[in-house]
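As structure tokens, here come the structures.
Two complexes, one shared chain (chain A), two partners (chain B, chain C).
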Partner chain A sequence: MELFLQFCINGLMLGMMYALVAVGFTLFFGVLDVIVFSHGDTVMVGSFAGLSMYWWLNAVYPGLSPEWTVLWIFFAAVAAVVAMGTLAARFMIMPLRKAPPLNTLLATMMLGTVLREAIRLFFPDGSNPKPFPRLLPDWAWQNGNLILRFDNILLFSMGALVIILVYLLIARTRLGMAIRAVAQDEEAARLMGVNFTLIVMTTFAVGSAVAAFAGVMNGLYYNEINFSLGLLLGAIGFSAAVIGGLGNIYGAILGGFIFAFLQTLGAVVLPFASAYKDVFAFGSVITLMAIRPTGLIAEPSSQRV
Partner chain B sequence: MYYHQPSRDLVIPGPAGCALMALALLAWCILFLKAEDQTSILVYMTSGSLLILIAALSDLHKSISSTIIANEKAWDYCMVLTMLFLILIFNDDHYTLFLLGTIMVYATAVLGLNVQLGYTGVINFSAASFFGIGSYAAAMLTSAGLPSLLALLLGGVFAALSGCLLLLPVLRTSGHYAALVTMAFALLFKVFLEVSEWFGGPQGIPVAPLTLFGLDFGADFTLGGMEASFYVKYDLACLALLCLSFAFVRRLERSWFGLSMDAVRCDETASACFGIDIARWKIAAFTIGNLLSGLAGALYAMMLSYISPANFAFADSLLFLSILLLGGMGNIWGVILATGFVVVIPEKFQVIQEYRYLIYAALVLFMILYRPMGLLPRKTRSYGGLP
Partner chain C sequence: MGIATLFRVLIFCLSLAGLSVDSGIAAAKTTVKVGFIGPLTGGVSSNGLGGRNSAELAVMERNEDPSSRYAYEFVALDDECKSNIGVQAATKMAADRKVIAAVTHYCSAVALSTVDIYHRFGLPVVVWGAVQPDITYGNDYPEIMRICGTMINQNEEAAKFMRSLGYKKFAIIHDTTDYGKSHKDYFTKYLVENGGEILDVFGVTSDQQDFTAELTKIKSLNPEVIYFGGLTPLGVRVRSQMEKLGIRAQFEGVSGIKSDAFIEGLGKELAEGCLSFIEGTPTEKLPGGRKFLKAYQSRNFAQGPEAYGPFAYTAMVQILDAIEKVGPDRKKVTATLNATKDAPTLVGDVTYDSHGQNIVPVISKYVVQDGVWALWEDSEYASGKRKLVNSKQ
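After this line comes the complex of A and B, so read on.
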């Protein structure tokens, strides 16, 4: 029972992280109908930007309190990644809007590779895993084998808060209305006076900010980051967005938790080979795609001839 | 009325022109591959690219391509002879021969991907995984005592069969969703190999060398009194495989098979209206492509004699896709040219070896943005009649 609860807690943490990444995929797909594969690597760049900020703070203001350090790390990661995301959207993804989907897909994968390799080659000693500072208080509540850590609860609630904020932004504000309008019909939105370019760039800024948050959260949770975490995280986030149904923010959240559930299930059910948990999770994704080709919450689709 | 404009391009007369061009190519390849120090490599490379640039900017490239198209058979033979000469000249140089073999094997695998993506438009982000299935099948089967030629063929068959596992999701999904299915498979495959004890885990497994009719491909031999590298034999095997797959793919393209595949790629709805069975052609293309990748993988494993999961990562699938895109989707000569560039240049240029994935990725990114058709775009079908 305790083991089961422990698995649940870990699964929820993972699910929150995946959901944060998946939200980005689904937002971008909504406004531009493109899959931005480099999103996972954006998350990775976010965590490295946070780490650089930590190093800089350590060098310049050695005695800074952990709370402020964490805040600055989040700020640096979000600022760096938002700048990168909007630039990529403006100069790479928008020009490719009319290209065949495969080209966009490949271009964004290549952008991801460029980011990954750039970090590996140009970040100081970038090819090795980097320790990420343990900045959150390590209070824990223990009952038998069950450990409930305060920092996990804090990260989880922050993640949930971010998702709720994004949801409110999309559903309740004027800006969100413009984003939804662009997602529904670009031309009609333009005719209604929506500044298309601005809205697309804002959407990318929002998605990238969430990715940066997920990146720092990933670092704080595992206390280690490396240059290649983006590939797997991107693939998982994309899977999550697709299982849920692209273009649907609930779907992304649902998909994120489903993927984490599958991974955890793989680790529990196959105790003789918990190393197979990713194999199991990706295998289940392929099976799910065979059963529901457009995700659980399917996007309404029709084909004009 | 259609007035055919007499072509003003200079046409180098017939097969002699082909032989001349092949000779020039051979000379350049020998110089480039023989070069050791970085400056001379740089000189050869810049001179080569300058020549290509001049040809592309002037009308020369038109006359070159029209000569090749008019004398296709002669050109094919010339290219095979060029390769044979290269193998002969570098007969004791292990490293260069290994490079040549790698080019030919990769080109075969990319030809398979070309059938899937270039002709039929079936997205496959796991080409390297099917290549890997061929490799691992060859390794396991030869260690089980099967004759290596049979293991080679079964490597292709196994890759095609494992592709069938993905058929249902690939057929039912399209676009981004199909991309996800193959991508998930590529990641799954690599993780599976790494954690599976039976397949040697992350360290990989040794592969027995190819043995054909009692001839051991893994041993050096003497050629006219000279000690020759065992890679000569492998290169000949790779060349044979490449020629066979090249001929097969070209015949496929020019038959009604290829026409139907093109129709499926260009417009699924329209071709379904014309009675083309979309599912059938997608299955055919996916299976044929995986078969070719698997065969290439099996031969590569035997040549490498030791394989590990790192050879078949997602990045390698992306590499195959980049080759196809650089060469020009659907153009099989483009595939071979691009494979040559992608394999050889980082190996010769030690400076960029470390940065090669970064450079490829950036290069492909620019290609997609500014020249989405690739270096040698595929020509529209010509049905004869008009010259």
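After this line comes the complex of A and C, so read on.
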């Protein structure tokens, strides 16, 4: 039983990380009908921006308390990644809006490679894994095989809070209404006086902020980051968004947790070695897609896919 | 073109030739290229850079020696510890006819995929850091030699040592490359022979981030030791996540984690008490080891020599000696290197067997103590002052 609970906790943490990445994919697709493949690498840039902030704080304000340090790290990561995301939206994705979707797909894929290589080449010693500071309190409650760590609970709740905030922003605010209007019908929204460019850029800012949060969360959870962590994370986040139903936030969350569940299952239950857990998880995604091509929670818009 | 023009061109050419003869007097030696390939970027680059610096040190020293017959040019290429990149680097190096011999590869998977290339081009290479047995024993290529030992001896020694400490129950995590898999195989073989027990084995991909599922399962099996067969980046993650899940087991690594990057990546506290096994005697205890370290430090390299630096250095010295002896000819250099027998070197006496494998019987045991890899015999763990996790002693 304890063991089962421990697997659940691990799976939930992993699922939250995937869900945060999937939310970004789904948001971009919902509004602009584009798949932004560089999203996984955006997460990675977020964690490196956070690490840079930590180094800077350490050099300039060596005595800063861990709480403030964590807040500043989050702030720096979000600021850097939001700036990057909106710029990419304005100067790369919007100009390509009239081009075939394949072009956007390719362009964002290239952008991902550029980001990855840039960190590898220009970040000091960027090709080596970097230790990410342990800033959260390490209180833990242990009972046999079960260990419940305070930092896990904190990260999980923060992740959940971020997703709820994004949901409220989209469902309850005027800005959200404008985003939904653009998602539904771009031209009608324009005619109603919605500033299209601004809305697209705002959507990208929101999606990138979530990615930055996921990046720092990744660092705080594993205490180690590297330039290539976005590669697999992006593929998983995208798969999660697709099995959930691209364009639907609930779907992204559901997809994220399903994927984490599949991976954990693959590592634990299957008799053959855990080396195949990704094969198993991605294979299951293919099966799910064959059964429900529009995702588990189908969005009217995804009928267009 | 008139005769006069031709004549002028001829004069011009002659004067150029004259110039080159003049400048040739200052550097009368022919230039010979020697190569180095290792992971200069990527997760294990600290080892690669240490190896490169050590090999370069050997070349620098030779070039400063007035009695050497040739001027040596050092060519270093990056294999990123990836087979596909390694194959490109090896082909580039081997295809350059001016390169007479090279010191190659830290990563076993890369070394395995490049041996055919060196053989095809006839380029003699000395492997400096890859320990998978088949690199030398899986072929009959005279061009391939290896100065460091194989993981067979390493794991035999490791298994016997762990049993002598009273450990019985082990769980294994290994990466699914040839390197990690072979470590698992040899360790399992020797552990079982010596009465140990393997509770479960987990193969993981070499870029995996999350090990909580595997480790949770291991935790429920309650092993005394977690044996990790893989390289530094993965080792850091496994050890770090062990702690997060509150697993009380001794962490036993292989030669692939014996790097300063392992301790840096984990921090002093978490790295404390981790074990590693590696071929050869520690540098500072070797004949001439102190001299090597001093010479290395005097060049102000940005990185330390790491565990395999002395091997890379020695391999390069042997290559340079062979070129001095028989001239810059790949075939002759291969034959000379192959014939090496009981040669006294920095890493002890070197003898290549029929497969070009140096027979190094010594395996050193290391434990992290206060943020450095300490030789087991000199550590406070051996003296009983500190204790390993689950220690029976």
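We take it that the second predicted complex is superposed on the first by the 298 of 305 C-alpha atoms of A that agree within 3 Å, B and C clash if a C-alpha of one lies under 4 Å from a C-alpha of the other, contacts with A are read in each partner's own complex, and residues count from 1 in each chain.
Definition applied: a contact is a pair of C-beta atoms (placed from the backbone, for glycine too) under 8 Å apart; a residue touches a chain by one contact, two chains touch by 3 or more.
Computed from a predicted model, the values in this text were never measured in an experiment.
After overlaying the two complexes on the shared chain, residue contacts for A:L229 are found with chain C alone; chain B is out of touch. More chain A residues lie in contact with B than with the other chain of the pair chain B and chain C. In the superposition on chain A, A:M110 makes contact with chain B only, while chain C stays out of contact range. In the superposition on chain A, A:A267 makes contact with chain C only, not with chain B. In the superposition on chain A, A:D278 makes contact with both chain B and chain C. When the two complexes are overlaid on their common chain A, residue A:T294 makes contact with chain B while staying clear of chain C.
Once chain A of one complex is fitted onto chain A of the other, the partner contacts of A:A99 are limited to chain B, with no touch recorded for chain C.
After overlaying the two complexes on the shared chain, residue contacts for A:P131 are found with chain C alone; chain B is out of touch. Looking at the shared chain after the overlay, A:N145 reaches chain C, while chain B stays out of its contact range. Of the two partner chains placed by superposition, only chain C is touched by A:F7; chain B is not.
Common to the chain B and chain C interfaces on chain A are residues 232, 273, 275, 278.
Residues of chain A that touch chain B in their complex: 29, 35, 92, 95-96, 99, 101-103, 105-107, 109-111, 113-114, 117-118, 121, 231-232, 235, 238-239, 242, 246, 273, 275-276, 278-279, 282-283, 285-287, 289-290, 293-295, 303, 305.
Interface residues of chain B facing chain A in the complex, by the touch rule stated above, are 117, 121, 123, 166, 168-169, 172-177, 179-181, 183-185, 187-188, 191-192, 195, 269-270, 314-315, 318, 321-322, 325, 354-355, 357-358, 360-362, 364-365, 368-369, 372.
Residues 3, 6-7, 10-11, 13-14, 120, 127-129, 131, 134, 140, 142, 145, 147, 149, 222-224, 226, 228-229, 232-233, 263-264, 267-268, 273-275, 277-278 of chain A touch chain C in their complex. Remark: chain C residues 41-43, 45-46, 176, 201-205, 207, 209-210, 212-214, 216-217, 219-220, 233, 236-237, 240-241, 244-246, 261, 264-267 touch chain A in the complex.
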